[in-house]
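Both complexes below contain chain A, partnered by chain B and then by chain C.
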Partner chain A sequence: MNGICHRILTIGRNTFLDAVRQKFFNALVILSVALIVSSRFFRQFDFGSGELKFIADFGLGAILLFGSILAVVATAQLFYSEIENRTALTILAKPVHRWEFLAGKFLGVFLLLAVFTALMAGILGIMLYWRESSLMDRYGDQFGGQRLVSYAGLAGFAVLQWLKLGVLCAITLFVSSFSNTNLYSVVVSFFVMIICQLQYIARDSWESIGNPALKGLVWGLSLLFPNFQMFNVGDVMLFPHDATEQLSAGTPWMIGGYGVVYIFVFVGLAVFAFRRREI
Partner chain B sequence: MDFKRNIWLQRAYTFVVCVCALLLIGLIVSPLQRKAWGEVRSLQPELNLKEVEGALGQGLVIGLLGGFRTIIADMVFIRANVYWEKKDREKTEALINLTTAIDPRPMFFWLNGSRIMAYDIPIWRIREAGGLDDVPKSVQDEIYQEQAQRGIDFIDRAGKYHPGDYRVPLEKAQIYNNKLKDTEKAAEYFLQAYHSEDGPYYTARIYAELLRQMNRQQEAYDFYRQLYNELPDDPQANKPVVLERIRELEDELNTPAMQRLPAQPGERYLPGYMQEDLPIGVKTPFGDTQVPPGEIYPYPEPAAPAGHSH
Partner chain C sequence: MEAPAIRIHSLVKDFRIGLRGWKLRAVDDVSLDIHDNEVYGLLGPNGCGKSTTMKVVLGLLEPTVGGCEIYGVPSSQVKSRLNVGFLPEAPYFYRYLTGRELLKFYAKVCSVEPGKIKPRVTEVLEMVGLTEAADRRVGTYSKGMLQRIGIAQAIVHDPKLIILDEPTAGVDPIGSAAIADLIRALKAQGKTILLCSHLLAQVEGVCDRVAIMDRGKVVLEGKVDDLLSKHDQQSLLVDTFPEAARADVEAALAKHGAKLTGVTTPRISLDDLFLKHTGKGGPKQS
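And then the complex of A and B:
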């Protein structure tokens, strides 16, 4: 057991270091940081939402967009670099199972996503805290002595986003496990991501469809893909005082559990699809 | 057929197993998803995809799905304003609809959108048809009606995302009043706005004035009397204006002295009829004090009235 863990961790660590050294990762981080920090200046384009809400929306959007790009592109790139450089052959020639190789790859990218999400959420938290403090100094009476932003909520939301990106990473790994090119994996994974974002439409509408065949098809589709919209709870978690209704305490845990289940499922399917693949 | 050698058979087998596994997992996590999604769904405004469909080719989807809903809605609204400046009604209207489809949360989009539809676009349409001088009055009226209705339908949709917000009935009331000249409906919505949470006091006064316009003086008077009792001593409530209207209506209706609102502590000049017309022995709130008409009355501290919950 120790040997298995050691091998997975070694592959994971190397994958992570490989990813961190890539220009792509650094460019994405710089871009995301710049976007979050500049949200203050984009404020002049805002027409309706409160300033803190606007900054939060902007920051969370940056985490989600660039995080998704990172999850898909980094996973596909790091997987195919091993195949194309033939290093996968060397690794798998050693007493390393294919599933350990995939688990290590996933672990490396998942760790990379953790660093990315933590960094972005941290910067967003600092931006919000700084702006909220200066607003409180100026309009203290309107705050009623309490902060509007829940920073614990931000941390919780960042964890949920990390899990969501983890599911996306596992999906990309699954697609890569049977596809032949990097580009194909990236494109298909992005499409799957969009389907997952819109899965809720199928889930919400299948019951109202009259045609039995179509109903069955929509129902099947709603079961095939995870529902990414479920992770979209930033507003309620960051601004609990603004929300008319509150998220019950167990719901973030349920969403997190849902994400973990799908991570295991997609990594498991990737292992299954990769088991006979010619490298 | 040798399974191990037939690559297509192997691929089909892998595909079927993967699909079955995903369906099975989907079924297993379905109760968990239903519970969590049910709660999350009730807390987030829906992205109206039917209306976003038309813009799918404009690179919005990734941004939208990526979470930049606020900023993309803002950008689309800026574009709508560019077309508004050019008086391009199709694009303006389409982009306003798109803006609220992307982000229905800011009230700003709904209010401005409905105003553009109800007030600006009919003018553009009349100009397109030949101008105010050349287009027959009946056609102009038809255009005004049609566009006002569009504005009302649009702001009506805001009610779904902002239930109980006074600005929705208020905007409808203004369109009914200013563009459709439907005083009855306008009065109904002004009253609804007043009864909504945070509804401004002036909407109640407009409601009563519209009743007066419809020659329903008695109803207006009764409403003003009730309103006067429930208004707080907040300067924004403008109680003196309400009192002034009550006095006007009492005159218009020739209300007998006994049935008139007694002289109020806040009234600086007691109306003359109060003192002269009262039978001997009947006490006004000021007791038997006889105050000649027009004389400044040394008013006492007004008592705190029961206020409207605003």
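And then the complex of A and C:
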């Protein structure tokens, strides 16, 4: 047991190192930081909570966009380069199970995503705090003496985003485990991501489907593809005072659990598909 | 009796090529036993199935028919590889790691005790002659250096069985000689080595037994000494050999019913010449 954890962690750490030493990751981080910081300079004339919301939306959008790109491209690239360079051969020729190899790969990218979301959320938090403080000085009456942004909410939301990106990473790993080219994995994974983002539409129309067979099919598909809409609770978590309805204390935990379940499902599917692959 | 280091029994490996289920038979009914503490060479032309055989032995490919065992444990089980090191052909490693980091990584994956990793890595780097380049990124290595770090990677966890796919491809004669020495040293330590190559001159010097493969089949197998010596002929080495002496020798031989079939000047091999004149080669590092 100890040995298994040790091997998975070693492979994960190596994957992480691989990613961090690539120019792609650094460029993406710089770009996202620039984007988040630049939101400050898009002048909004509705000072007060409106401006803070704008900065938050912009920042969370940047995290989601670049995080998704990172999750898909990094997973596909890091996995594919192992096959391409035959380094997977040297690892699997050691006493390493194939599932340990995949778990290690996943863990490495998951760690990368953790660093990415923490960094971005941290910068966003600093931006918000700084802007909020100076707005409070000038327009104190709008704030009623208390802060509008819930920073604990931001941290919690960042964790949820991280789990969501983790699901995306697991999906990409699954696609990569049977695809033969990098490009194919990237394209298919993005496609799946779009389905996951939009599947709430299918869920909404589910009620109105009459045919039971079709209804069952849509239901099955909506189970297979995780519903990414679940994770869109940023507004409520960041600005609890403005929100019309509050989240119950358990909801974020439930959403997180939902993400974790899908991570296990897709990594499991990846292991299954990779089990007999000829490398 | 103890199980052989590697036992391959009636192994067949088909590759599916194309969509219509065409099959290509890469390995065709191969059975081999490789004994403990033996250096075994797998020889043959390109595409005859040497690498495929090795990969099946390592459990990287699944056999179509038949199977392999390593020290009695079937290759399909991960624990058969606890004591195995492998150098793939044309190896290519994590470019962003330095040589030393790379070896540390592989040592950790193989669960070498944490305290022993550092001295072992240094020792192995020394063994393959990469001490000077140890702290450079693997991405900057030359082909021969990659081959050396590959061998280092295969032996870093001190395995009992070492499988080397073309260990000397792209390595200069000095390096090849060093690798041959290394293989002999490993044998002296009690290791078993399976290697494949088509550089026959080098194989001859290190292998105890060889198998020659052609189109997936083993066509010849046996001890190198048995296969190569011509038992019905002997050669003499003489310092100066005047014409008159030759006539006398022929006469003397004729008395015993033997015949002198030829007189040649022995030549040293080009390899030896190269080694003699280049000394320790390779570019100097500043």
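Here is the rule we use: the second predicted complex is superposed on the first by the 267 of 279 C-alpha atoms of A that agree within 3 Å, B and C clash if a C-alpha of one lies under 4 Å from a C-alpha of the other, contacts with A are read in each partner's own complex, and residues count from 1 in each chain.
The rule is short, and it goes like this: a residue touches a chain if its C-beta (ideal position, glycine included) is under 8 Å from a C-beta of that chain, and two chains touch if they have at least 3 such contacts.
Note that the structure is predicted; figures quoted are calculated from it, not measured.
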Chain B versus chain C as contact partner of A:276, first or second or both or neither: both
Touching partner for A:51 - first (chain B), second (chain C), both, neither: neither
Partner chain in contact with A:18 - chain B first, chain C second, else both or neither: second
More chain A residues in contact [chain B versus chain C]: B
First, second, both or neither for A:265, with chain B first and chain C second: first
Doubly contacted chain A residues - partners chain C and chain B: 276
Touch list for chain A against partner chain B, complex: 42, 45-49, 53-54, 57-58, 60-65, 68, 174, 178, 193-194, 197-198, 200-201, 203-204, 220, 222-225, 227, 229-230, 232-236, 243, 245, 247-248, 251, 254-255, 257-258, 261-262, 265, 268-269, 272-273, 276
Of chain C, residues touching chain A in the complex: 15, 55, 58-62, 78-79, 81-82, 84-86, 88, 90-94, 96-97, 105-106, 108-111, 150, 153, 157, 163
Touch list for chain A against partner chain C, complex: 3, 6-7, 10-11, 14, 17-18, 21-22, 85-87, 89-97, 276, 278-279
Touching residues (chain side chain B, partner chain A) in the complex: 10-11, 14, 17-19, 21-23, 25-27, 29-30, 32-33, 35-37, 39-44, 49, 61-63, 65-71, 74-75, 77-78, 105-109
